[in-house]
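These are the structures in question, set out in turn.
Each of the next two complexes has chain A plus one more chain, namely chain B in the first and chain C in the second.
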Partner chain A sequence: MRNKRLLNLLKTIAVLAIVVWSLFPIFFIVVSSFKAGHDIFAVPTKWFFEPTVQHYQKLVSAWPVFFSSLWNSTVITAGATALAVIASTTAGYVYSRYNSRLLNASIVYLIGVRLIPPIVVTLPLFPIVNWLGINDTHFVLIVLYATFFVSLGTVLMRTFIDQIPRELDEAAAIDGASRMTILRKVIVPLATPGIIAVAVFVIVFAWNEFLFAFIFTSTNAKTAPLVVSEMIGSIDGVDWGVLFAASTVQLLPVLLFVVFMNRYLVAGLTAGATKG
Partner chain B sequence: MTSQLKLTRRGFLAGTAAVGALSLAGPSFAASKTLNILSHRVHQTSLGEGDADAMKDWKAANDAELNWTTFDSNPLMDRLFREASLSSTDFSVGYMVDNRPTSEIAKLFEPLGPWLEKDGIEEFDDIAPGLVQGMTVDGNLIGIPVRTATQALFYNEARLEEVGISAPPTTIEELVEQARKVTESGKATGMILASDLAVFPVMFARAYGGDFINKDFELLPNKEAMEKGLTTLADMFKDGSLPKSYATTKNDDQVTWMQQGRAAFTVLPFARAAQLNNAEQSKYPGKIKAIGFPGSKDSTVPMASVVEAWAMVIPANAKDKELAWSFIKEVSSKKNTLVMALNGNGPARVSTFGEAELTAKNPLAAVEAEVLAQARGAFPPFPEAARAQALFLEEVQLAVLGRKTPAEAVAAIESRVAPLLPS
Partner chain C sequence: MAELGDTMKARTLWGVIPLLAPVQLLLLSVIIIPSIYVIWLSFHVSSFGQSATFVGWDNYIRVITDPAFHSALINTVIIVVVAVHLELLVALGVALLFNSGLKFRRLLLVAVLAPYAVSEVIAVAMWRFLFDMDVGPVTQALQALGLPILEWGYDPMHAMIMIALLTIWMHLPFTFIILYAARLALPSDLYEAARIDGATAWQSFRRITIPLMGPAILVALLFRYIFAFRLFSEVWLMTQGGPARSTEVVAVYLYQEAFSYNAFGTAAATAWIMVIVSLLLASGYIYLLRRQVNANAK
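For the complex of A and B:
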């Protein structure tokens, strides 16, 4: 009994330590965005202070490009998510319902592709993207982000679709449904948690991604992480208050989304865990 | 496998179509021409915006819009060189820092000598000759200097007064002594320096008449002076005049420590005076002052501070070189150099430092001009410069932290960096 209590206490401490470790940087950024500039790095730390929105006002006046970049991030994230979800769902369906040596080999290839560091493919792509004339467009990032996640999304969707009884497909087929109709009317509604899980992964990735955006955009499709990185300027110094305000604004939508969709994310992570 | 959330086909397709339509939306420009510029944001803001836009008349006269794409320094250089290496680029003007143009890189950019002969820049000789020299590679001028950042010694006057120091140091020996006095008072750390930049050990070596690599690619031209510089830094670390966190200190820490009064001295470009004294960010507005970094009382060589300069370049593969040159000419004019200086830009023209409007607004202008007259880059550009700097810093840190003697570190710098120098 005593050992059990001790174990529970240790578990609680461990969980608390992980929570503090994970949340403190976010807490620090959000709280600092409401502190006066000279209080942000005050020693000792000022825990009680009069909140101010001056950094948010300055963000609006000095960095209008940040808000247009947020719009770019939104369009690109939405586009990449839609594309990745469609591709992953249809591919996952094929992998789940069909079986051949080629298909089995290709799934290994899909996972292998995911293991390649992005920088390896990024730099050779630069001249190609320029040649195609799609540099600095939303389109290029939508395609790249979706492509990057289709492999993981496909594996994830296959696992979800595997759990949908094949008898439902067969029943629909007997009623005259085509493969596409079965996918749309039987599989997609039942695999919605999987679709949401894939969407969450893509959204979090696309919203925060820096490397591809840095290489392939300049002005028209510049995303928010690029503008935030510019605020950490090495020439004219960092205005920490404005940087933290921008980080908070950028963090908020994806944080709320992940909190809201948390249960689907867990479903995605544990998909197939109890299979068999 | 049930869900409350309904994803209908119609809704899904409508959402996808909407996103597709949005992604096709693009900006439109009223002017007939657009000049695409690749720069740091500071280059754009120093020209002013809105009614204060220094390029307003030029834009009207040329029926052109300026389209600025801005990045931080290193990503900017990376992007500029990648754009210049394509078969063609939309960027007709780029801003390049003076420690980058090696022979290989210079080939990617338009030689500006012929442009200068054809359509000259107003009083070109007024642009500091050392800066012009820095952008001349293999006999070709590839960039027009536009911005300087000269390193200064910043001190917190209030912190010095607290320990009875009424005047800043005039020699490096006095600097060490004053930093020690502040540290011993327990009120602040004597000095804060980033450990990941070569600028600082180079400045300490120069204070004794030495250098890391001089313009003739001579490595450690005065080894004894470099040893003295490293010994001074190591002693400052040992007695606490440099913080215990020295090995992880970054450039931004220098600013925040000075703003908070946690350190009495630091080395930063003159242009940082505004930020260090900004009442919104600093606990010591108006109290953080700057002077030239002092040399040793025993050195016969004048102290040469480190200066970094930026220049405007035209990629050789640019589409509209005429418009690019016209822009460069306009930005380099005396009038606009002053406008940029008033907006915090370190001028590249010598005469600008003497402009009454600037000296009234920036009391450091005269000091900066004096320091700039002797200043030079931390080291000349060469293909292996980044690796050489990394090795140099590795040995400097070992010496400062006491893991190696300064003599051992200097010997290691010599043996490790020498193979990287151009033959």
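For the complex of A and C:
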């Protein structure tokens, strides 16, 4: 009996530790964004303080570029998600329903492509993108973000579409439905959980990505993480209050999104790791 | 029915090309062709605005004999070996904890997943403040406990510890989910049978949990090796590889060669060294996966 109590106590401590580890940094940055300047730097750390929105006001007045970067991030995330979802769904459908040696062989290549580190392709793409004059546009990041998820996306969609009985598309085909109609009216509605799982991956990735944004954008298409990184690297010292406020604004939407979509994220992660 | 099947087969590839084209075009134009071009680049010397000259293996030799590359490689290996294995142990512990029956399990699961939503940039901002050497709350807590603080601003070793902690924080959700899903998939009657046979908790862990979770552990490990090997943003944002290139990792070395020193040839050679190491890691993965498939078939 005492043993069991002790075990339960240890378990509670372990649960607390993992929750603090996961949530404390997020909690701290959000809470600190409402602290006045001198409260942020108080030693020992202040846990009770007069909340203020002064950093948010300063963010609005001194960093208009942050808000245009949020807009860029939104456009790029939406574009990359649409492109990746459409491309992965149509390809996943073919991989699920059609059989040929070429197709089976190309699955290996779909998986193999994921092994190439993203930084590798920046070397040739940087001069090419400059030469084409599409440097610093939404288009470049949309294409890059979508591309780095279509291989995983296709494999995921194949797994999800495999679970839809073939008899359904065959019945529709006998009724005279074309391939596109089958895809739109039969496959897409039934494969929605898969589509959402792919979309969750791309949305989180595109909203947060740093490397490609850092290399391929400079002013017009700058994304929010890039502007936040400039706040961190500011030469005349970091304005922590504004940095916390900007981080909170960038973080909260995607955090809430992950919280609400956690089921799809878990399904995608497990299917992606075991099947792809 | 047979007729329909036949006509579907006959029209197969031609008819579905439009459906496959977007994925194949994206992969070819953004990843495959550029990567092949990087091979060509790695055998030439060039910088912006100059025509390239063929130099054979020169770039590779130059990279492999460069002390800065050695230190970058060692740092990368330290991160891969220390951080990834530590992360795996923690993830395994948390997965088993979740499996042992917790109250509010879904809520706790979401809490553990939360760092997945956080950008590397924001995570670095958090870490830099939490461990700030003057006012950081973690630094204060360490001091209050009489523990040494992380002087990551000038001690490269401490900076590496910070980066390792940060990567564990960012990737624990991934590793945890893989292991937790694998643990949930184990049949409970096995444990029942072991209990009836008088096995202790430790024995069932050693003899049932670990062997049966083996494949999932390997999958999680290999994914994390491959992703830790391309680590860039966390290091770049935390230290920019400094002080004096002491905290560079391979991807940061590559970036510096290409975009700071304009040495695209050696950068390309570094890039292909990265690809080859990833391929080697993955071939281990495929080999183990095959063995797993064969074992399942038996």
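Note that in this section the second predicted complex is superposed on the first by the 251 of 276 C-alpha atoms of A that agree within 3 Å, B and C clash if a C-alpha of one lies under 4 Å from a C-alpha of the other, contacts with A are read in each partner's own complex, and residues count from 1 in each chain.
Definition applied: a residue touches a chain if its C-beta (ideal position, glycine included) is under 8 Å from a C-beta of that chain, and two chains touch if they have at least 3 such contacts.
Just so we're clear, the structure is a prediction, and the values are computed from it rather than from any experiment.
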Quick one: chain B and chain C on chain A, clash or fit? clash
More chain A residues in contact [chain B versus chain C]: C
Can A:113 be said to touch chain B (first), chain C (second), both, or neither? second
After superposition on the shared chain, which partner residues are touched by A:207: those of chain B (first), chain C (second), both, or neither? second
First (chain B), second (chain C), both or neither: which does A:25 touch? second
Quick check for you: in the superposed arrangement, does A:54 touch first (chain B), second (chain C), both or neither? first
Quick check on the superposed pair: does A:163 touch chain B, chain C, both, or neither? Answer first, second, both or neither. first
Please work out whether A:243 is in contact with chain B alone, chain C alone, both, or neither, and reply first, second, both or neither. second
Looking at A:86 after the superposition, I want to know if it touches chain B, chain C, both of them or none. Which is it: first, second, both, neither? both
Once chain A of both complexes is superposed, is A:147 in touch with chain B (first), chain C (second), both, or neither? second
Should A:138 be classified as contacting the first partner (chain B), the second (chain C), both, or neither? first
In the superposed model, identify the part of chain C that clashes with chain B, out of 95-103, 149-157, 203-211 or 221-229. 149-157
The shared contact residues of chain A with chain B and chain C are 41-43, 86, 126-127, 214, 226, 229, 232-233, 238, 240
Could you list, by residue number, the parts of chain A that touch chain C in their complex? 11, 14-15, 18-19, 21-23, 25-26, 28-29, 32, 40-45, 83, 86-88, 90-91, 93-94, 98-100, 102-103, 106, 110, 112-113, 115-128, 143-144, 146-148, 150-151, 154, 170, 173-174, 179, 183, 204, 207-211, 214-215, 225-226, 228-229, 231-233, 238, 240, 243-244, 247, 250-251, 254-255, 257-259, 262, 265-266, 269-270, 273-274
Parts of chain C lying in touch with chain A, wherever the complex brings them together: 1, 4, 8-9, 12-13, 15-16, 18-20, 22-24, 26-27, 30-32, 34-35, 37-38, 41, 48, 93-94, 97, 100, 102, 106, 108-130, 134-135, 137, 140, 169, 172-174, 177-178, 181, 216, 219-220, 223, 226, 229-230, 232-233, 236-237, 251, 254-255, 258-259, 264, 267-268, 271-272, 274-275, 278-279, 282
Which chain A residues qualify as touching chain B in the complex? 36-38, 41-43, 54, 75-76, 78-79, 82, 86, 126-127, 130, 137-139, 142, 160, 163-164, 184, 188-193, 195-196, 214, 218-220, 222, 226, 229-230, 232-241
Looking at the complex, which residues from chain B come into contact with chain A? 1-3, 5-7, 9, 12, 15-16, 19-20, 22-23, 26-27, 36, 38, 40-42, 67-75, 79, 82, 86, 90, 149, 251-252, 255-256, 259-260, 262, 271-272, 275, 278, 280-283, 344
